[in-house]
Each structure stands twice: as structure tokens, then as C-alpha cells.
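Each chain carries a letter (A, B, C, D, E and F) given by its place in the written order, and its residues are counted from 1.
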Amino acid sequence: MKFGILVNEGPYQHQASDSAYQFAVAALARGHQIYRVFFYNDGVNNANKLTEPPQDDRNITRQWSALAAEHDIDMVVCVAAGMRRGIKDELLAPGFHISGLGQLIQAGIEADRLVVFGD
Amino acid sequence: MSDTQETEGKQRNVKRFMFLNRKAPYGTIYALESLEVVLIGAAFDQDVSLVFVDDGVYQLKKGQQSKGIGQKNFSPTYRALEDYDVEKLYVERESLEARGLTAEDLLVPARVLGAAELGALMEAQDVVLSF
Amino acid sequence: MSVLHTTNKSPLRTRDLESCLRLSRAGCGILLLEDAVYGALKATSAGAKIEEAAKDRRIYVLGPDLAARGFTPEQLVAGVAVVDYGGFVDLAAEYHHVQAWL
Amino acid sequence: MSVLHTTNKSPLRTRDLESCLRLSRAGCGILLLEDAVYGALKATSAGAKIEEAAKDRRIYVLGPDLAARGFTPEQLVAGVAVVDYGGFVDLAAEYHHVQAWL
Amino acid sequence: MSDTQETEGKQRNVKRFMFLNRKAPYGTIYALESLEVVLIGAAFDQDVSLVFVDDGVYQLKKGQQSKGIGQKNFSPTYRALEDYDVEKLYVERESLEARGLTAEDLLVPARVLGAAELGALMEAQDVVLSF
Amino acid sequence: MKFGILVNEGPYQHQASDSAYQFAVAALARGHQIYRVFFYNDGVNNANKLTEPPQDDRNITRQWSALAAEHDIDMVVCVAAGMRRGIKDELLAPGFHISGLGQLIQAGIEADRLVVFGD
């Protein structure tokens, strides 16, 4: 089955991105496909490559990048939400790319399920 | 539409999209950024519904004047939805009543549904976008 | 003067106002700002609690937040005072300290 | 299958669970994750509502979130099922669509 | 301490700082980042109290095992507070009761106060940090 | 009177930073002093100089920078919270600087009032 995932909150402040990541890992382990992860609202902050949490904590951005690389997942950062919050091309960690809100609607159309994680 | 079907070699994909709005405007950005998705989504010719529940009904309150808090009043955009052929707006009756509001307090026409009817509508969707 | 409590969440969404009312004391001030302004409207069930609290506490509503949300001071319960940001500053200075209910 | 509802806020803090219960229908599933897991504990007042809802809806609790918060499945009300992230995925696939109560 | 006073040419500034914790751990970062402020603040020799109200009492729940959600279990840090001479921990009785918890469920000793007493304690502070 | 201000949320997603800014402006208009504005939790995201909201919207970061320049306000971004979220020196808008949590406690000690804005 093809899953689309929408992440509405940034890393650390809320658990949303963690839960979305765990969901994605589990879906892939079950043999499902992740059609796209769309980062919206403060979710765009997950793409910031400068994040450097304490050594004993998870690096959420790097987790997403690694998962995307391993499973060839399309990770889209909303251009409008990103502009508003200062998340632009030069800040993107590997695997994230910037595109329009149409990609979210497209995910809703093409994926079998769209699962939303937020606050 | 049948042209598109033939071009794409499959049945045209029309899904029922519901935007679920449950938060007040201005205190958080969700109302505004939800509306931005609706406007973009309108171009995709899907079957779109907007639902306002709980504090989400405050998004449609008439008379918003946000200059004093330094934010843009985006509520007139709800009036423009018609131009985008987004015409299915639903408001939960219980949410209105808990706030002492009626359909006359809203800046756009919206169909008022009781929780039971609205629950049925939710069940009939394919994709629910929550903000 | 004692404490100026601030609360910024809609009482129809969270229970912050309940806790603020439970733990605040006679003589204190309570300022409702941002989405908390809905709580002082006559039309909501929270309004009755605010009206009751106003008997021994001073209740303030931030006017610019009320206007942004499409309501007017006439729609507030009795006994609450509307202030602007300057009034908020005055209150913060007047009370001994400010306690936010986040 | 109908809808899988998800809710992630503590019902002791917000009213999200109330709305989810009011608007969800017989035959649906409700998954409590993140801070919402507190709502299914026997010890809280929300627990009784969950137990009631479990009569005609399937209630699920995300186990890893429950464990993180220091509770065990034995402390949940009757009639709820504990799932892990894989179980969450299975549910999302099984129901017709997923609706988040944010 | 009187040395410091003379050096600074004014009475040494000791204020009553209260950290007000009202949110559950893990779902949001506030509990963890509040604790980080407490640890730093301990070096300033102020009169520090930690108060746990509403879902904040869950921060002190015994037996947290967060590996399954990919987050670090930071609850042992509450036990280390004593080493930082942070010893005034208060929990609201009403908040505990609403959650069916008792002082025995908590991973550190904390004084249980009723709402009336706690309200008085809040009033006696100089600075309240809310997260 | 000297006010300290603590901002716990980022720009746009929550009104906290807007309210804090309006409070600061009003305090200065009343002749008070802003001892320090401390940005903590997601509040560190207010310092991101790349933010570029739509033209008809306020630019919260620029508002803070301008206010700080005009009134010589000390605006501190917490180093630990900033590292965690990828807000580092190279991203800081004018007037913001990075320092430790001690600056928040110091603000509590030195200011006559500390006012907290969050979610």
C-alpha cells in the first residue's frame, strides 16, 4: 500500500515528527511504500541541516535524511511555509526538496492513505 | 473529462477531500495555512469539503479586525472560496451552540449539521487534512 | 499587589483557565489574551466562571485580541475590564509578578 | 471498514478526545497516541468515557507511548487494545481512511 | 556572601524563582527544556521551587521507558536535582488525584500541596518561569 | 521599570512572539526599559534571518531586529535550544546573539518583572 505522510510540527518541540518517522519506518518494514512525506506549517523546520541536538539525543533531521536515502522517499518542504519560516534551499538537509502545496494534494490523490501528524 | 481518462489510460481519480478545521484564528497559524492549502487544492478538481468544528467555527466569525495585533485579517478569503468553486462548507451545530453563535454570525453561508450528520459526512471521505 | 496571571488558550479547547481559576487567589489579576479572550464572552459556558471569579479577582481582557476575533466589549460578561497592550504593561508593573499559564 | 481516528492530546489538558468521541461513529477505530494515551487509563475520568466508547468502537493505544510515560497495559480500562507502530500501520491500512483530531 | 555584597556595593539579590510545569513529558519538549533551565539556574544561588500541576505531575511518574518512541528518558535527571541543591519540589494534590496518582507513584520525593496552599506559594514568588 | 521577556514559541505558528513584541513596544512607549528578550524552546526560530513571509504579512524577525536597533535591546537566543533546532550564528538576523541559559536567570534576577509568552 502507498502511504502519504503530512508533518505539521517542527522537530523536538512536539512529538509529531518523531511519531511520523516511527510510522514511516514501521510501514516500510511491513513492505508498504511511502509515496511522499510532506512538511507543512512548522514541519518545514525538520529540514534544517544545521540542527545539532545533544549527542545522547536523536537527530530528527538526520533520521529523515537517512530513511529517505535508504528507501528513496520523496520528502517535500512546502515553499510558502518554508519562506515564512526561513527554510530555504541553502538550509536543506539531504533528501529534502522544496516544492508547492500541490504536492500535498497530489499525495492525497495518489497515496492510498494520507496520515497526518501534528499538534 | 473522458479525454483525460483516455490520455491517462485510467479512470480519472476524484477523491473526497475534507479539510478539518478545529482551531481559532490568530492564536495559531493553522486556520490561515489550512486555507492556503484549500486554495491550491481547488485547482485539482477533487471533491472538496471544509468542515468547521469546535473553535474552528470562530474562523468564520464576522467582524474580525486584526490590525491591533499586527496580523493580517485573512477572513475575507473565505468569501473568495466560491470563486474557486469551493462551495461545500459545513459547520457543526453543537460547536456553534456551545459558543452562542448562529449561522447569522458567520461571514459566509455554511451548512449547519448536527454531530450525527457530520460524523456520517466524515465517514464518507477519502482524505482528511487536519490542521 | 499580588499576582497578575495570564492565560492565552481558549477555555473551549484546553483546561488552562480552569487551573488558573483554581490556583489563583482573591485580590489577584487575571489577564485573558490571545485565544483566551473567548472565555470571557457571555455566550460561552466559561463566561459564567469568569463572572463568578470577577467577584474577588480583577479580570482583564486584551482588547486587540478581542477585536481580531470579531467580538466587542459589549459581548463580554459583567465585571471584566478591557485593556490594550499599554494597559497590559501597566498591569504587569502594578502587580508584584506575572505568572503565565502555558 | 470505516474511519481510523487518531488523537494525540491528553484529555486532561484539551477537549480533543471529547470531540473525537462526539463525532466518531459505531464501527470506527480510535487510536490514542502520544499524550492521548493518558486518556485510556483506569485512573482518569476520561477512562470511563473510553470504556463506554469501546462498546461500539475499537479503541487502540500506542504501546510505545504508554511505556514512555511510565504506564503498563494493565492500567488501561477494559476493552482497549495495545498496538505498536507496526500495528498502527496495519490499522491505517485496514480502515478506509485516517482522520487526525489535531 | 557578605563579601559579594560589599563587592557589588548593594544587597545581594536573592529572588524566589518558581518553575511552573503543567505539561506531560515526551509529547512536547517543555518538560525537558524546563529541566535544563533549572539545572543552569541552580548555579545562581536563588531560592528555587519546582511546581508540578495538571499534566505536569506526569513528568515525575516512575517507570518511564522511552526507548520505544526513540526519545531519551530524561526522568532520572529529576533525581539528580538534589545534587544541585534544588530541593523544593511541589506537586498539587488535586492534579494527582485527578490522575489517580499518589506520592508513591513519583520518582522523587515531592511535597504534596492542596490548591489553596499552592496558590499561596505562587503568590509568594518573585519570578515565575512557565513552560 | 525594567522588563525581561521570555519567548517560547517560533514566529507565525503561535501568536506568542507577536504578543511579546506588542508588549515590548508598549512598554517602551510607556517609558519602561526592556532589560532583555530571551528566546527559548522554538522561540529561537524568531532569529532566523532567512524568514520571508508574504509581502502583505508582518516580518516578525525584522520587527524584532528593528526594535532592538532602535532601543538597544539585548536579544538572546539560547545556545542549547538553538543548536537543537539549527539556529546558529550564521543564521542570526541583526540584533540577535547567542548565549547560555544563564542569561535567562540573570534576566529574572535583574529585571523588575519577567513576562513569559508561549503556548
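In this section, a residue touches a chain if its C-beta (ideal position, glycine included) is under 8 Å from a C-beta of that chain, and two chains touch if they have at least 3 such contacts.
Note that the coordinates shown come from a computational prediction; the quantities given were computed from them, not determined experimentally.
Should one ask which of B-D and B-F has more C-beta pairs in contact, the pair is B-D.
Of all chains, the one whose Cα centroid sits at the greatest distance from that of chain D is F.
Of all chains, the one whose Cα centroid sits at the greatest distance from that of chain C is A. Simply put, chain B must spin 180° to overlay its Cα atoms on chain E, rounded in steps of 5. Shared numbers divided by all numbers used gives the overlap of an interface; between chain C and chain D this overlap exceeds half, so the copies present the same residues. Here the CA centre of chain C is 24 Å from the CA centre of chain F. Centre-to-centre separation of chain C and chain D, using mean CA positions: 33 Å.
Put simply, the C-alpha centre of chain D and that of chain E have 30 angstrom between them. Along chain A, residues 8, 12-13, 15, 19, 22, 41, 57, 80, 114, 116, 118-119 each make contact with two or more other chains.
Looking at chain E, residues 23, 26-30, 54, 69, 71, 126-128, 130-131 sit in touch with two or more other chains.
Of all residues in chain D, those that touch two or more other chains are 8-9, 12-13, 15, 34-35, 64, 84, 97-98, 100, 102. Chains touching one another form the pairs A-B, A-D, A-E, A-F, B-C, B-D, B-F, C-D, C-E, C-F, D-E, E-F. Within the complex, the chain A residues that touch chain B are 6, 8, 40-41, 80-81, 100-102, 104-106, 108-110, 114, 116, 118.
By the touch criterion given at the top, residues 2-3, 15-16, 19, 22-25, 28, 96-102 of chain C touch chain E in their complex.
Across the complex, chain B is touched by residues 12-15, 18-19, 21-22, 56-58, 63, 119 of chain F. Of all residues in chain E, only 23-28, 54-55, 58, 61-66, 68-69, 71, 73, 75, 98-101 touch chain D in the complex they form.
Within the complex, the chain E residues that touch chain F are 13, 15, 17, 29-30, 33, 36-37, 40-41, 43-44, 46, 126-131.
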